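In what follows, a single structure is set out as structure tokens and then discussed.
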Amino acid sequence: MIQSTFFYTTAIILFLIGLYGVLTKRNVIKTIITLTIMETAVNLFLVTIGYVKNGTAPIFTSTISDVHKFVDPLPQALVLTSIVIGLGTTALMLSLAIRLYKKYKTLNYLEMDGEDEK
Amino acid sequence: MIQTSTKDLHDSGFEKVLNFFRKRSMWMLHYCTGCGAMELPPTMTTRWDMERFGIGPMATPRQADLLLITGYLSIKSLKRVIRTYEQMQDPKWVIGFGSCTINGGIYYDSYTVINRLSDYIPVDLTIEGCMPRPEAIMTGFQTLMDAIQKGEAVGYKKYKENYEWYKKNQDSVLGRTEPVFTSSEVKK
Amino acid sequence: MISNILLYTMIAAVISFALGQKLKAVRWSFSALFLGYVGFQLYGLYGQWGMVETHNIFSLGSINFSLNFGITKLGWFFAFFTTIINIMIWIFSIVKNMNEKEERGINFLWILLAGSNLAIFFSVDWITFFIAWEIMTWTSFFIITPGWKNSFKAANWYFILSMFGAYAMLVGIWWLYATPAIHTLNIASSIALLAKLSITAPGTVGIIIALFVLSFFAKSAVFPFHPWPAEAHAEAPDDFSPYLSGIMIKYGLYGILLFIVPLFIQIMKVNPNIAMVNGIPVYSYILAWFGAITAVLGTYLAIVSNDMKKLAAYSTVSNIGYAVTSMFILSSAGVTGGLFHVVNHAVFKSAIFLSLGAVKFRTHEREMHKLGGLATKMPITFLTFLLGIIAAAGIPPLNGYASKWIIYQALLSGHFPFLTTMIFLASTGAFLYLFRALHSIFLGQLPRKFNNVKEVPFLMQIPMILGILSMLGIGYAPGIVLKPIGLAVKAMGLTPMTVENTLMVGKLSSINTAVVSSTFIGAFFFAFAFYLIGKKRHHVEPLDNYTAGQDPEEFGLTPELYHFALKFYEPVKNIFRPIEEKLNIKNYYRALVRNANSFGATLSEMFKLSGAGSSMIFVLGLVVIILAGWML
Amino acid sequence: MIVLKFIGYGFTAIIIGLLFMGIGRKYTARIQRRYGPPFWQAFIDVTKLFSKQSLSHNWIMDFGILMGFAGIVGTILFMPIGPWHFFSLMNGNIVIIMYFMTIGSLGMAMGVSASGNPNSTIGISRALTLMVGYEIPFVIAVIGLIFVSKSSLLGTMVSLQSGGIMNWNIIKYPFGFIAVEMALQAMLGEKPFDVITAPSEIASGPMVELSGKMMGLAFLQHAAQIFLETGIVVNLFLGGANNIWEFFLKQFVLFILSLTVNAISPRFKFEDAVKWLWTWPTVFALIQLLIIILT
Amino acid sequence: MKSNYAVLLIAIPLLVAFLQPLFSLINKRLTKWVTFLTIGFNFIYSLKLLNYVMANGAQIAIIGNWKPPFGINLYLSPFSMLFATIIYFVALIVLLVYLIDKPTEVDDRMSIATLLMVMASGAITLTGDIFNMFVFVEILSISTVILISFNNKGISFKGAFRYIVLASLGSSMLLLAIGFIYGSLGTLNLASIAYRFNLLNPVYASVIVFLFMAGIMVEAELFPFNAWVPEAYKGSKSYLNALLSGVVGTTGIYVLFRMFITIFGSGQNHIQVIGSVNFNAVIIVIGVLTTLIGEFSALSQKDIKKILAFSSMAQMGIIAVTIGVANMNSINAGIFHLINHAFSKSLLFIVAFPIINIVGSANIDKWEGLGRKNIFLAIAFAIGSFGLIGIPFFNGFWSKMMIVESVVSAGGWMYLVIGTILLSALVETFYFFRIIFKLFVDKKIESTYSVHIFIYLAILILSIIVIYIGIKPSFLATYIHKAAIDLVDKSHYISTVLGVIK
């Protein structure tokens, strides 16, 4: 139980760090990094939900039939999906960062000015 | 030269009745260029009080019957006097004050001052003096009143009859001032 | 029947729009003829009181939207008179638009406006009323500013204030509906129920009344909404200004007569506990004061304005003030006087605006000091304007006098000394600006560039002559208008005034208008006899004038210079300058708009701030959410 | 018959008015220690004016001046003159009188400003502004009287004041009378309120272009106006009259009162005149009104 | 069962999207047509399903024969089908314009993104599983970002980047909410969440609702998650903005409706979101603030795209208020207004596209005189604006009337709310009238751009709809009525999905 509290706490701390970063960082790359931290936090959180101490894979075999020891597989599926989506998002963001840098020659979001007409 | 004599223009008939009212209610417009203006306030106020004859000052030529030329007239102001006189409504009379309006007085040789007023507008009465005292002015008014009553003060008719002659005289002096004015009235 | 008329109006509008750019004359003649047809139909509807037509639109949830048209006495009266005045204006428009640049949309929108005009007067429920009200607002906005840049700012004054009013009314309508004791959208029954509710919940009733009053006041330009007419009237097409002033500005008064005044009368009957001043509810008294303030303020603003259309517009404001004051007296004479003044004002103010339109048609000038001496060039126009201002100043024997007399009767017999004084002050002041306009436009020196100005074409003169005739006619026999007004007043639950064709009986005194008119005519002949005495007068040139002996030409004096029209009432302005500097409602409105703009700019800049995560907005939002969740 | 009565009213007003003017001039002269013109001087002036040649700039000028004169003459018909009254229904309807009177002002204003002289227009602008100035105290005072007599007819007010001097409104409502008297001074255009015609400033203002019989008509109008305005005040405050001579006498007393002030006063600056009228007489009128309302 | 085929609405666009590279090998323009046809199929099929659902009541489509709550299901109800249909319809109209837009290098990829976007939006409305919803939201935001960034301008990348950052932030929160839900309720099926939600600890429920709301507010363009709106709209093409507003925004609000009323809501009639915090009040405040900020920001803008963007934001705020008020009338009104907004705003964005091309600028100051050159476009713009600001006999009028009615009838501090909303509406009216005025200014415009017939067609269809709804709203009223009942009736939702539970 202590461990899961630890994980929850870690997840929330990481999430807050990420949130702080997203809100305050003006550098495009740093923003992306903090977002990734956030995603990690959420993933950690999800995994923790399904975590059971000394748990086993949720497969009924002849030896293991204790349902309470089963680790919930669904959160893990969720996390997998989430990781995949996160990867896609990060890739997209990075490609946008490249484009932004090409256009504005800077990575500071606030310094990206001009070309506002049409 | 003046074409008609004033005798032919005298009032007659009902006009003479009206003349009674006219003489008792002379509204004057004083053209105060010269020193004669100084004599008018005492004439108007308590001491001599010309209002008892119905004579009072008026501000505009439209209502005035009597034009007082109180002293010398420069050529520039002659122009205004003529316009003012022409704007007055019949019957109307002119009184010249002092020698300046008779022969130029002390300004007789000035190139800017006219000498004889009656060459330019018909003067019904001139009051001698340099300047005339209020007593003289009062007497002058009364003389004019008598003339009006008799129907003899008909300068305005004379002016109409001899308009050409007066205009010629006026133009002859005002012509001298041509360079002073703009081109617009040279045509006139 | 009514819905058919409205449907035809829409069809007529579309036909008008379909007519090409070349067929301007056809378009305007068509619309005038069409309106003539509508007027004829309306005449036929006289007497069919209580007829209601319902068209369901849809119902969703617990609300049922439907359009209900019915004929009330008040509504018919307004509809008929406004239609007739509109026909007059459109006859004027035919020539005006044939000779000037015309926007095709104007006629289209105007026909729609005329339709919504009828719909307002024939609606018997609030939804219909509001729909007609909204259509009226936006169509008139685009007529005032059909793509002319300088008129846009002017129209905005009108539009923003009107929309503000409309939204206030919207809230009022649904508040009515949401109040369990009322829960109706029918106008007549909502009045009765509100009056009953005022015993138990005076606060709610007060707020609902305030919302409606806001709306009506905004439309009728009662203080503090008075700035819009000057702007809108001045910049509107010249033929639309009469409509604006003669008809449009009356919608608010119609609303007051339709809802507020009957409501107060009902409340007085039903609820004996209401706070009273001089026998009328205190709210009504306050509203009457608003009218009085409007009257005085409008007068002052008219006095100091130099634009002739603005002047006439402020004059309208002040006349609205009289009517409002009179109506809120709630006595029979008060309501009759207010209503009568509305009609009279419609007549003489459209005549005035038509003549101003005629002047502008020929001279293309609006600033009064650039005009002058047009009376000899445009005699019919001058006469229209002269009689118009005589009527507007309330001088007998023209129509404006009759209604002002009733207003004074109402005010004096109701014991409102200060209101009377205010109205009298405004009325005397009216004299100032009206004369100023008369002088600056028609009298004085004729500028040289207008030496070739001619009278307007005959077709344009027709409405003006009609205006003159109706002013004289109503002035001679006010009974012809007062009798239908009596019906409408009776429908509100008041005893109508005793009137005959030429006799008005008041509490303090009575008046026979025919006698007054003939007295004037007799006096004129008397004076004319004196005029015949003596020599015939002779004519002189305008510039042959007392100029202290100076020759005008030599002096460089032109007629334009010798026309005293600019800063005509500078002394009056000087007297009021200290007050005006501190209390200029227009400046408050301007500041409001400025602040709204900068507020918007600040907000939109906020979106650009602080990185892709927009922390600024985010933190603000979180704070709001937390606060809202915590406190509400 | 009615025509003759009409003419009789008109001529009465004119003759009495001109007489007042003449006597007034004499009176002023005596105050200034002058001999002064004869008391029929005003008649002489009018006759002379009608005998003179006259001009007008356009038909509006003629029309306006006629209208001005007609307005005042018409108004007089509505005023009860002692026992005389023209209309029984509207015997001194004060609202009609106030508005009918303005026909006179409007006509005059229109006529003179048609002449195109700025001096006259300035005069008119002053006259109209001054009108706003004096009508406020006047109206407030009149409203008070209307409240107490419950009628807006002068005739009724007069009959309420009958029966001795103690019933006169001047005794009952002195503050109102003071206000109206102050307003009357401005109404008559006497000093200190003679800014309208200020001869040395704006060349006698409205009259600047009037000549001959135009001026004569204006003169008559002024005479009738004196008659009318003093007459209204007599009816309002001095209890009307039982016969016309008493009426004229009361009018004359009022007129002399205002002439006395005229003879010894300087001229107000224009804005100050209006401001003054809006302070002192208005305050008096308001005091009167409050007294009436509260009692 | 017939309704099971509803999965085709998701499957076919997905399949076509993956086949698009193959089509692009043949011809790049072909991909546009394929997209168009696919969405066309979706629209027609969803229309059919809508009518079916209207007649036969709500249905579920079970995927893979796993019964809910264990399997994934689609929930076909009047409400969801109505919005699916509208989303497909708007997309179809937008694609009509997209078809004739000048060909670019990236047409094939753009087609994919569009398809995915529309598919995801449709799927969000249909799905009965919260995690599916999350996935589709992610797909929606990613494809939207791609769509925006294809405009290839600095501002598009900026907008796209801001959007993706906020969307990731939002989806993290969404995921967190899902985690909380799963951790506490052990289910991801919406119906069973709805069934058990009131069993939760109120504080815990509040956290979930808060996180969920925060997650979806990015799509719904609600304050404070709407910072992306101005730049993204500015960055993308005008007609694609119709998708942003008409599809993405509509979807976001749809989710809010579904979750707040049906899933988290307390049940019949006056619906209160479950939890220790008064979330109805929160969402009302958010809505009001969004409206206020949107309208006033729009007032200060000169760029038509930004104006319309801020205006969309504001309208979303108004609809959010109706969600918060949550009585029957307000829900009706909200749904109605959402539909109206989708049509009117799409019309405006689509009209803005040829206008920008004719005038050569999105700055409204340069639009002066357009009405003299092309009266049709000007009138269409006027119709769209009238529909949006609620001029009588245009669609928005009725819905705004209903909104005012419902909010006023809620009483209390709602008077303040309605005051603020109407103040904003006043501002909105003003700036729209300003634009319409500018269109009719007397000025010559030189341009050789000729408007394609398809654009006219798209504009005409939307204009007719806007006016038709305005004149005869009763035909829509039946749909809205059923949709609102479906939305409010929580027990019916649960029993339809899960079968009858005691």
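The chains carry the letters A, B, C, D and E, assigned in the order they are written, with residues numbered from 1 in each.
The criterion applied here is as follows: a contact is a pair of C-beta atoms (placed from the backbone, for glycine too) under 8 Å apart; a residue touches a chain by one contact, two chains touch by 3 or more.
Everything quoted here is computed from the prediction, not taken from an experiment.
> Both chain A and chain C are touched by which chains?
Common contact partners of chain A and chain C, which must touch each of the two, are E.
> Nearest chain to the global Cα centroid?
Of all chains shown, the one whose C-alpha centre lies nearest the global C-alpha mean is C.
> If you average the CA coordinates per chain, which chain's centre is most distant from that of chain C?
Here the answer is chain A, farthest from chain C.
> Sort the chain pairs by how many C-beta pairs are in contact and tell me the top one.
Per chain pair, the contact count peaks at C-D.
> Work out the mean Cα position per chain and let me know which chain is farthest from chain E.
Chain centre farthest from chain E's centre: B.
> When the centre of a chain is set as the mean of its C-alpha atoms, what distance in Å lies between chain D and chain E?
Inter-chain centre distance comes to 78 Å.
> Taking the mean of the C-alpha atoms as each chain's centre, how many Å separate chain C from chain E?
44
> Quick check: how many Å separate the C-alpha centres of chain B and chain D?
Inter-chain centre distance comes to 37 Å.
> How far is the middle of chain B from the middle of chain C, if each middle is the mean of its Cα atoms, in Å?
Those two chain centres are 59 Å apart.
> For chain A, which residues are shared contacts with two or more other chains?
22, 28, 31, 109, in rising order.
> What parts of chain D, by residue number, touch at least two of the other chains?
If we look for residues of chain D contacting two or more partner chains, we find 51-55, 203, 208-209, 212.
> Would you mind listing the residues of chain E that make contact with two or more other chains?
161, 165, 169
> Could you list, by residue number, the parts of chain A that touch chain E in their complex?
15, 18-19, 22, 28, 31, 35, 38-39, 41-42, 45-46, 49, 74-75, 78, 81-82, 85-86, 88-89, 92-93, 96-97, 99-100, 103-104, 109, 112, 114-118
> Flag every residue of chain C that touches chain D in the complex, lowest number first.
Residues 372-373, 375-376, 382, 386, 390, 393-396, 401, 404-405, 408-409, 412, 415, 417, 420-421, 424-425, 428-429, 431-432, 435-436, 438-439, 442-445, 508-512, 515-516, 519-520, 522-524, 526-528, 530-531, 533-535, 537-546, 548, 559, 562-565, 568-569, 571-572, 574-575 of chain C touch chain D in their complex.
> Which of the residues in chain E come into contact with chain A in the complex?
Interface residues on the chain E side: 131, 135, 138, 142, 145-146, 149, 153-155, 157-158, 160-161, 164-165, 167-169, 171-172, 175-176, 178-179, 182-183, 188, 234, 303, 356, 360-363.
> Which part of chain D faces chain B closely enough to touch in the complex?
Contacts found on chain D: 25, 29, 32-38, 41, 44-45, 47-48, 51-55, 199-200, 203-204, 207-212, 215.
> Help me check something: in the complex, which residues belonging to chain B touch chain D?
Interface residues on chain B, with respect to chain D: 18, 21-22, 24-25, 45-46, 49, 51-54, 57-60, 62-63, 65, 89-91.
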